[in-house]
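What follows is a single structure, and I will ask about it in a moment.
In order of appearance the chains are A, B, C and D, and numbering begins at 1 in each one.
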Amino acid sequence: MRMGEGHMSEDKKMSDIERTARNWLQERGVTLQDIADLVYYLQVKYHPDLKMDDCLENVDRVLAKREVQNAILTGIQLDRLAEKGLIEEPLLSTIQVDEGLYGVDEILAFSIVNVYGSIGFTNYGYIDKKKPGILEKLNDKSSGMCHTFLDDLVGAIAAAASSRLAHRAANTE
Amino acid sequence: MRMGEGHMSEDKKMSDIERTARNWLQERGVTLQDIADLVYYLQVKYHPDLKMDDCLENVDRVLAKREVQNAILTGIQLDRLAEKGLIEEPLLSTIQVDEGLYGVDEILAFSIVNVYGSIGFTNYGYIDKKKPGILEKLNDKSSGMCHTFLDDLVGAIAAAASSRLAHRAANTE
Amino acid sequence: MRMGEGHMSEDKKMSDIERTARNWLQERGVTLQDIADLVYYLQVKYHPDLKMDDCLENVDRVLAKREVQNAILTGIQLDRLAEKGLIEEPLLSTIQVDEGLYGVDEILAFSIVNVYGSIGFTNYGYIDKKKPGILEKLNDKSSGMCHTFLDDLVGAIAAAASSRLAHRAANTE
Amino acid sequence: MRMGEGHMSEDKKMSDIERTARNWLQERGVTLQDIADLVYYLQVKYHPDLKMDDCLENVDRVLAKREVQNAILTGIQLDRLAEKGLIEEPLLSTIQVDEGLYGVDEILAFSIVNVYGSIGFTNYGYIDKKKPGILEKLNDKSSGMCHTFLDDLVGAIAAAASSRLAHRAANTE
């Protein structure tokens, strides 16, 4: 049971926004476990006794934040509209080819990383370059799907969860 | 003629992205003059001899930045898709009513303000609360149009142009 | 026992960093009540039944965040070193006169505002321009003290507490 | 005569702030070549014909920005004061041991990266984790020097120069 910030009492039903954000991640092929694997990848060197359950718990708590849910909904919506061709040119091509100078995908991602402070930025940058696990799959352009926003969102959720885990481990908040 | 950064030689045709960003602003009812008026409003107290031409020039230079163009295209596209009902719920309602906790409109705006450094943030926050000139018009919900992103983008362009003007006036870059 | 993020149970002794950050604010003439007054100033128009106790509680919770404490310590330390002349030129003069293009004070402030998301930025910008209450006092250069960082930190804590309060009021986290 | 943003013609004397920022980097053991090497490391895979001269030129232009100079002066000043023990506890220890949860060093670094937009963040995060070249040297704690801020500043300058180079290569600004 959650107590304190981000807390949701048992009798309050999850908000429509939170439920939709979690569903959309799943529909786009990203599970909580996929993101927890990224957290483990990032953090095990600093915490050799790290348990996967702690990774999962921290991902879950990041997803309980409204700012994070709003970024997820907006980014996945743009990916989907690009797949359907409902975005106008030249923005459509920019998103479809994940153009390196676009930057709006990174901007949405930072709004997620920021929620647990600046220490998450290096983790975000690192996995965005290395593309372990689910990030490699999302970057496979042969799937016919557009994940221009999703891959950055997923990396950012993992980075934010890593920051939260590091703060907890140090008992600082 | 422009020389140096953001420069575009006379014979280089404006990129498709830049031309579209400028057109979309116009189509949504925002002229360069409207934004220059905001710059004048923000800066005349610090520079009593401020000329409107300098305000216009600085707005023009902000619009020559690729990051700014990408934010404009993405934000206006989302406003338009919301008007057409092509965004899914609950994101559609969030954008249509300009929900105070959404925050993605501000995030896009900051990516514009950031281009000329942190000194622009207070100007952005200030006009966003005061809503002078074109910002009041964009916030008039009775128009039937959705300007959830546009009003923040316009305030941000004005704030960035003010920062640029302040740096120039101080001869610092 | 720890109950939720940022919370501190009665029997856990406050960390050295947290205690010092709170003490330094006090030593520089800023009380929790001063900051709560700013929150009230920013939020009463949206929440007519707003209680001062809620403002105080939200300020207290912002101060429990490690990122916030680190920004406070660093900013106040720089103010103090500038008063003592222990900063080297030309940085010393830049800080002593609160030079408008410096920007590092705003950067530290944003790291505080960010903790509760992008919706706090406009509140920060607004009070930074209007300078109500304690902010006016901190900007009085006749005191002989240097508050280049402190005034931005205080505005940022108030803005972050306002964001937290708004999220709570909407029951979103 | 000034030609374009950030540029400085030969007959204009460099501002005191810029000259000091460049000198302090040198005094702390970081040359323009060291930073250009990082740019080359980050960019050669995308631009196989990359010339070292282009890397140097882009680093030089990043250093011509006032926001960058202010961040450099503030960060190196804090490193130096920490070496001399002129920072008060518990901030002194936090900086001396480069405590992982501090985050203010990253915050200053982001203000540099931001100057050329969001695309620089992943480069920053990447080299911060990999620590090639000069970054490895700066992280060697056995030197007795404190480079808590400097290593992040140097990585950020390299990331910003990489963004500038990428924008130029694409002819976007």
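Just so it is clear, a contact is a pair of C-beta atoms (placed from the backbone, for glycine too) under 8 Å apart; a residue touches a chain by one contact, two chains touch by 3 or more.
Just so we're clear, the structure is a prediction, and the values are computed from it rather than from any experiment.
In terms of residue-numbered contacts, B-D and A-C present the same interface, as over half of their contact pairs agree; the other options in C-D, A-D or A-C do not.
Chain pairs A-C and B-C differ in how many C-beta pairs are in contact, and the one with more is B-C.
Each chain gets a centre from the mean of its Cα atoms; for chain B and chain C, those two points are 28 Å apart. Shared interface positions of chain A, defined as residues touching 2 or more other chains, are 17, 66-67, 101-104, 107, 110-111, 117-118, 167, 172.
Of all the residues in chain C, the ones that touch chain D in their complex are 16-17, 20, 66-67, 70-71, 73-74, 77-78, 80-81, 86-91, 94, 101-104, 107-108, 110-111. The touching residues of chain A, counted against chain D in their complex, run 46, 100-104, 106-107, 110, 117-119, 121-126, 128-129, 166-167, 170, 172. On the chain A side of its complex with chain C, the touching residues are 2-7, 12, 15, 17, 64-67, 111, 114-115, 117-118, 167, 171-173.
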